[in-house]
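Please find the structures below.
One chain, chain A, appears in both complexes that follow, with chain B as partner in the first and chain C in the second.
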Partner chain A sequence: MPQKKISIRIDGELISALEGQTILQAAKANGKYIPTLCDLDGLTSVGACRICLVEVSGSERLFPACTTPIQEGMSVTTNSPKLTRYRRISVELLLIERNHVCAVCVSNGHCELQTMASALGIGTVGLAYNFPKLSIDMSHPRFVLDHNRCILCTRCVRVCAELEGAHMWELTSRGIHARIVSEMNEQWGKATSCTSCGKCVHACPTGALAEKGWAVEEMVKKIDAVTSLVHRRGAQV
Partner chain B sequence: MPTPSLGSIPTDEQVFIDKLIAIRRGRPGALLGVLEATQERNRYKYLPLETLRYVAAKMEMPLARIYSVATFYALFNLQPQGENTICICRGTACHTRGSRNLLQGARLELGLGLDGGESDGNEADKLLLTTADQQFTVRTVACFGQCAMAPVVEVNHRICGHATERTLQREIETIRAGE
Partner chain C sequence: MKRITIEPVSRIEGHAKITIQLDDLGHVANTEFSVTQVRGFEKFTEGHPFYEMPGITARICGICPISHLLASAKACDAIMAVRIPPVARKLRELVHFAQIVQSHALSFFYLSAPDFLLGMDSDPASRNVLGVIAGHPELAREGIELRKFGLLIVEGLAQERVHPSWIVPGGVATPLSNATRDRILSELPAAKGIAERTLQFFKGALDQYKEEIEFFGSFPTMYAGMVDAKGNLQLYDGGLRFRSATGDVVEDYVPAEEYSNYIGEASLRESYLKAPFFKPIGYPGGVYRVGPLGRLNAASQCGTPKADAEFREFHQRFGTVAHSAFLYHYARLIEIVHALEKIETLLDDTRILETHTRATAGVNALEGVGMIEAPRGTLIHHYKVSEEGAITWANLIVATGHNNLAIGRSVQQVSEHFIDGTKLTEGMLNRVSAVVRAYDPCLSCSTHASGLLAMQIRLLDANGGVLDELMTD
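Here is the complex of A and B:
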């Protein structure tokens, strides 16, 4: 059955999109940019990062574009001083939550968090840093997990479960204690369900998951390799 | 999919879990019911990792998923619990009515010391301490929803409102005397 077409406005421009699409999908299909850190083409949307918040006229609330389905006659604003303010707060909160030290990071210069922070004009963070004491898992022969750089976007969890089908990653605990965990809190290198495919590494927006053997600034993620895989397989999510 | 390490948990427990899964199969949220009943059956009211592995294998779920669920909910324990549980509310209402003193009083009374947990500055942390003889577990909770009776303490699933250090001490004495 062909999907119903409906019309919405994004930043004043009338576009037609398919019913059931989210605001973000409709925007992407029409070449409109909405910033996001946790969304990845072909994976389910979880609304984890809150960067894609948009204004919908008629409501005071802000809506995450990645999880809000479009409705006929909806009018969406993707950029405004208010949105920039909220996005900036979201990124600042991500920055204080862990120990993001760009100068010594393998992903320096190729990091989505860093790029987002600079695009939003964050030079300094006005909030107190948490400085949590976090571990680094070096047990895998090819990859490394550094909790200090993780933003809990759960791209690795979803790419492993939905694309690779291994479902080795998950989130454990809640709130400030939440961590990415492999199997039952075992070392990554000991996880039997890991296929060492590296999809999680290349889906990771920061340096939290990286290949071993790279120095500062050398880890370049092949995110297109992950998303193109979805399209080649024709996966519908 | 991990192979079930059969034989790593007692046969009667295996039978019990198999039945639970059979009853709930196909229902959304089946895992929660299975884990809750399994924990309740355990002598020390906790879910050993081997049990979680068995449940994962039988329910054909990834290990990570089971571990994630078991650590998300405060209800599930991954550590053995004492025979008696003293749960002290550290919500805002109870805090302002002196629940920190209750917690410290209980810890000293049971010989658990004051190191670790809240004294490290992690005020909101979930605290869980068990005495060496496995008789008492002291834990904290964010709110019981009984703020009118603050400070609230739960002793073996019985709510005690307007608790004081003296009444808490008496509760512990009663339990000890009843052993």
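Here is the complex of A and C:
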């Protein structure tokens, strides 16, 4: 049975979308841009980064577009001074939480967090930096995990579980103590379930996961290779 | 009894303090040169991938990031145990010579020229590069042009002037284009002209600085600098030569990985800057100096015709071993001439355009040392890594560090000669700062410390009370 079509408004424009779609999917299908960081085409949405927050008429609270299903007659605002303020705060909180030192990062110039900060006009950060002491896991022969650069978007967790089928990555602890862990908190190089496919590395929006050996600015992620693989395999989310 | 403190010292890179203790008659009793900030690069890089070290350690300094990039990349080459492609070596040398030109031009024209051109006793408000531009516009313009030429090469090769990511473990990221080579060659004659005119001008003015030459850090020490197997001056690669104060070669062609057999590092009570010393003699007797003067004293010749002619004249004037720190300025100008000749030789060889610029490898050795001659002297990066490639230990010995003991002694000598505590003038204290500037110290590098370019002088009585204070900025 074909999916039911329903009508919603995005930024005042009446659009037609399929029932069950999220606001983000409906927006994308109709050429409307909503900024995201943790979302990756073809993977389950988790609403981790809070960058895609939108306003929905009739509600005071903001909704993450990537996990909120559309409803008939819904009217969504994707851009407003309030949303920009919230998005900026979300990105600033990511920047202060760990040690994002762009100047010496392998992903400098190719980083989605950096691009987002720039797009939101974040030249300086007003909040105090946390400067945590974090480890770097270099135990894998080809790849490296630098917790300093991780924003806990969980793209690696999802791409490994949903696309590669290995489910090697997981998230441990809560709040500011949350960390990406490999295979029951084992060193990555000792993880028997890792297939060394590298999908997590290329899905990672920052320099947190990288190929070994690249100098500053050299780690260019092949994100399209990951998303096109999803579509070629016919995955449906 | 009084004590004078100069803090911060101006027109140097980084933060320094000088304390001068006077006796009851106003004569200099004792002096101390100390560096007042610490940054801790050796510690906080622990755990990071070794191949990220060039990018991280380059941030030690914005004046000569190329030096740190090169020394660090060489240490990484050693950890990878690779022989980098021949063109990569040539391109690294090229960018290094360019950096020598721009850094030496900065030191001579921007930082130290105000002292010789405007006078040690001139008004401190205009005793700066703007004063030079007003008083000697042609010389100032040429200084700016020369520095620009060095930066043109850096930018042409590495796409960025400061902190490029082009120098990488295993070689360099991209080859040299024909267009960039032609552009550099087209601007080279003008740069050579400036270098020669400046050198002639400086030589012609040497007679005016007899007192400075005699009392500016003029005392016998050892000297160190990199040379090749024939004793030619080497800036990118080679072995370290130590020459005694009387001219004997004490140690020759010491390879990078053996530096710690010859160089010890002492910690000083009042300074964040360690004091390297020549181990066979020990601390504090094993004082040696590095940098332009150290190199020209250590080497047997430069290995390029014009620089060699200047090298011979220099030693004819001041002996086989020239001991005055004031002559650092002279040596710096000779090195600019040498660097420009080397740039021309490198670019005239069409192999400089070869495109295989990078070797790749993982961890093949658990330890690596990179040594180069940075503009201010011998720079050593020494890393130890885990089998996975994480830094477990790092030691950096930076040019200014080697000179620490000699700078301290120079401050003492200048203070004793020029300072009269009963009628203290700004010009007297400026001479103390000027002798520090002669070494072109990079204190941000040497302590791997941050800060403004400034120095402070304080005069204290016998009980430590502040009698007078002078701030420069």
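Convention: the second predicted complex is superposed on the first by the 237 of 237 C-alpha atoms of A that agree within 3 Å, B and C clash if a C-alpha of one lies under 4 Å from a C-alpha of the other, contacts with A are read in each partner's own complex, and residues count from 1 in each chain.
As a convention for this text, a residue touches a chain if its C-beta (ideal position, glycine included) is under 8 Å from a C-beta of that chain, and two chains touch if they have at least 3 such contacts.
Because the structure is a prediction, the values reported are computed rather than measured.
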item: Partner chain(s) touched by A:S139 [first = chain B, second = chain C, both, neither]; value: second
item: Chain B versus chain C as contact partner of A:H167, first or second or both or neither; value: first
item: First (chain B), second (chain C), both or neither touched by A:V106; value: second
item: First, second, both or neither for A:T192, with chain B first and chain C second; value: first
item: Contacts of A:E218 with chain B and chain C, given as first, second, both or neither; value: second
item: Partner chain in contact with A:A128 - chain B first, chain C second, else both or neither; value: neither
item: Contact set on chain A toward chain B in their complex; value: 161, 166-174, 181-185, 192-193
item: Sites on chain C touched by chain A in the complex; value: 47-49, 51-52, 54-56, 59, 163, 165, 168-169, 173, 360, 362, 386, 388-390
item: Complex interface listing, chain B residues touching chain A; value: 1-2, 49, 52-53, 62-68, 71-72
item: Contact footprint of chain C on chain A as seen in their complex; value: 103-104, 106, 108, 135-136, 138-139, 141, 144, 189, 212-218
